[in-house]
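One chain, subunit A, links the two complexes that follow: it is found with subunit B in the first and with subunit C in the second.
Up next, the complex of A and B:
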């Protein structure tokens, strides 16, 4: 309850961020209650109704298989949340572990961080494409690949912060009280990293959406039958002149969601790290 | 057999492939119920000595290059990390200079004390928490039962230092190392903290190594004093003997730079110059460039330790020959 209040306090006086938060809540609700909200089965094919215009009963129109675009968009929200959360978890756990262990055990760090440097030399999308071509198209693999891509930046950030915390007197004091490596890393250092991790999570969540949409569009992300916003764009792109709404709706959903997540992320970072406040005042 | 015995301790810092010595052959011992003061300017190696005793040099640029540290009859450097961890916080504990940063900002102070206790004692959370309240009461934190739920940022510097002391005392250590425990505190709080430590010593018989740059603090609290300069002990004696017969010009310099309240002094005599940096090679006595008594001999020949009285050792060519 207390945490919720602190979280909401971050949005006081930030209109755009508040709108972003509300939009994310709507997306979240749609994701949770997709089967209740969606009027049709997102996979049900109805050739008679193909490429019908937005209206009733098909709010967003139908695609070239005659599937209801609105229902697919609702289930797409569910996919967006799954991909986002999954990538955040993979990125924070692997990146966090690599960063923290590298900073704490200096020798191991020399090896691991050079590996991270190599991965970071690739542009994010290229790295994801390479990894994706090695793996099969599936939800899990997409999550793993996007997670690994953003684990690199997480590792870098946590490496620096752990290095700094490691020099703090309270870590020395913990060693003096007889704490072992595990206890120092996870009980003394990790809790001090929670706020930067949260901020990092919000940005990874947003970028994962873009990355997933890009992979879907290039036909390397989720399997084609899975309703996701990226897949909707990818499949219907040849109908852009005949049925532009098939691209406008999922496109707008992606843009709105990513934009909202960035706004929320900014609001969180500002209240946690006041150094950036002036750069984006008023947002 | 003394409780803590440091013999010929050598510490060097690794810089650009070379090892530069920073602590050169330091020896001292502390018994139960005894307070040893180590005094000297910044950069003379007194904190490094304490870090070496606690095994905190690991992972930094600093290397233990020689000497032995034996605690309660066991050679600390030959212990495995696990054996060492079992001793640290249990039988020996340390208090740090900055009370503002030596407590973990994200934990309630009670939890930090409880964790230290449970690291070494087989106690339930409840028991450990009761013990934490007891400890806070012992270090005279008002309303300890309520204060264990405070976060460090809700306490003042003096209170935090008391919490640190409480944490250090959690398992009734035989040895307490205090690295400038009062430097970051203002004078009235300083006095309270020192009194507290002295009081706890008489009650528990703890041996204390007190590190300070303040001869006044040392004079008030210590039984034995070791004065360090550039990694060496230049004068060591019992506090009474040392202050009765100061025999090293550096010790004299330190004492002269303290203002005396009931004398009207125009100028305080500071020691001229600064502590030489570790990469300067200096033949002869390390103090000679700053010493008012220095002669040609001082820049050529490093003085050997010399006993001016039983138990009063001085490293100076002029030791025992007239006043300094």
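Up next, the complex of A and C:
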């Protein structure tokens, strides 16, 4: 309860960020309750009703297979949350571990951080594309690939932050009282990094949406039958002149969600430890 | 400065070598026989056997790498399976479009990003600032291809002002007027990046404006505009210059998408099509070229940074 109160305090006096937070809650609810909200099966094809205009019973119209766009958008929210959270977990766990261990064990760090430098020599989407050529199109692989791409930046950020903390007195005190390496890293250093990590997570979540949509658009992301906002745009783009609404709704959903996540990340960044503020580059 | 340049150049070599190992291994990570992959689906077993010998695929892997690296250093990136042409000339064909697109995009980024960033910082806290920095964040949240599709819908299909796709070379009929084909793509590509520059100019100007020398300038009674440009912006530019390396990487990533939306015959679209065609030698070649370019640009940015801010090279 106390944590929730601290979290909500970050949004005091920030109208736009508060609206963003509310929007994200709506997306989250839609993701959880998708089967209850969606009026139709997102995969059900109805050729008679293809390319119907928005109205009733099809709120967002239907696509060229006659599938209900509103239901697909609701299930798309579920996919957005899965891709976002999945990429965040992969990026923070792998990147975080590499960054922290590298800063703590200097010799290991020399090797690991050079490896990160090499991966960072590949522009983000290019790295994702190359990795996707080696893997099949699937939800898991998309998550892993986007996660790895952002693990590199996360590793570099955590490396810098852990280095700063390593010299602090409380770490010396822990060493003197006989704490082991694991205990120092995870019980003394890590708790100080939780809030900057959450800020980083919010930006990765936002970027992941754009990357996943770009991969879907290029035909190298999620399998085409999966209802995601990126796939909706990718599949219906050739009908843009006949049915422009088919691109407006999923596009607006992506923009609103990424924008909201960036606003929330910005609000959170302003209230974290000032030592770490400049380390995290959001939008 | 010279010493710093040499130091930076030397530091580049290990990273470059490691990246080349990754690019080399790429062909070997694809499931299947590399020779068969390189020759494509139409190859006969005899062709495959011949290439296996020629590439030394029966040799130990480090020897293969040395052979490959030797070829690369002589400008031989292999042969495209699809075009049956040397990879380097396939990449060369796309270079004109991509270079012109990147140049026009940079022009928009500087034209919009810097003045709006300055405006946002000088009007800090007012509604102008809220509109511009909020608007910039909104633009950074738009998927590139979505923006491109709607620009086509409005300005090509609707108003008929600009062509919707393709790009004839400027050496063809039409000459420089062919650049009109690149206006919508370059604007698409510029939007998210200009947004980042706006926010960066704003943030670094606000940082600088808190420094003592700016307070002194104000106390002397200098005109606020002069303080903003000569004292604040020029110092803030150092951070902005450093971000242009990052902008290049973002441009490469987004060019892949933009060139696909507008069907431009550039290097970005070549990457996507080569992936879909399974033309692995081209993918390998393009990635290598982009990585090398990216490293060179980062080096140039760092050198420029050291020149702009002498404190850097002294460290």
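Just so it is clear, the second predicted complex is superposed on the first by the 272 of 283 C-alpha atoms of A that agree within 3 Å, B and C clash if a C-alpha of one lies under 4 Å from a C-alpha of the other, contacts with A are read in each partner's own complex, and residues count from 1 in each chain.
The working rule: contacts are C-beta pairs under 8 Å (C-beta built on N, C-alpha and C of every residue); 3 or more make two chains touch, one makes a residue touch a chain.
None of the values given here were measured: they were computed from a predicted structure.
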item: Fit or clash - subunit C, subunit B, common subunit A; value: fit
item: Subunit B versus subunit C as contact partner of A:170, first or second or both or neither; value: first
item: Partner chain(s) touched by A:106 [first = subunit B, second = subunit C, both, neither]; value: first
item: Which of subunit B and subunit C A:239 touches, first, second, both or neither; value: neither
item: Subunit B or subunit C, by number of subunit A residues touched; value: C
item: First, second, both or neither for A:134, with subunit B first and subunit C second; value: second
item: Contacts of A:178 with subunit B and subunit C, given as first, second, both or neither; value: first
item: Partner chain in contact with A:187 - subunit B first, subunit C second, else both or neither; value: first
item: Centroid geometry (CA): angle subunit B/subunit A/subunit C, rounded to a multiple of 10 degrees; value: 90
item: Least Cα gap, in Å, left between subunit B and subunit C after the two complexes are fitted on chain A; value: 15
item: Subunit B-touching residues of subunit A, taken from the complex the two chains share; value: 106, 168-170, 172-180, 183, 187-188, 191-192, 194
item: Subunit A - residues contacting subunit C, complex; value: 16, 114-115, 117-118, 121-126, 129-130, 132-134, 206, 210, 213-214, 217-220, 230, 233, 237, 240-241, 244, 247, 251, 254-255, 258-259, 262-263, 266, 283
item: Subunit C - residues contacting subunit A, complex; value: 14-16, 18-19, 22, 26, 29-30, 134, 137-138, 140-146, 149-150, 153, 157, 195-196, 199, 249-250, 252-254, 256-257, 260, 271-272, 275-276, 283, 287, 290-291, 294-295
item: List of subunit B residues in touch with subunit A within their complex; value: 54-56, 59, 82, 85-90, 93-94, 96-98, 101-107, 115-116, 119-120, 164, 167-168, 170
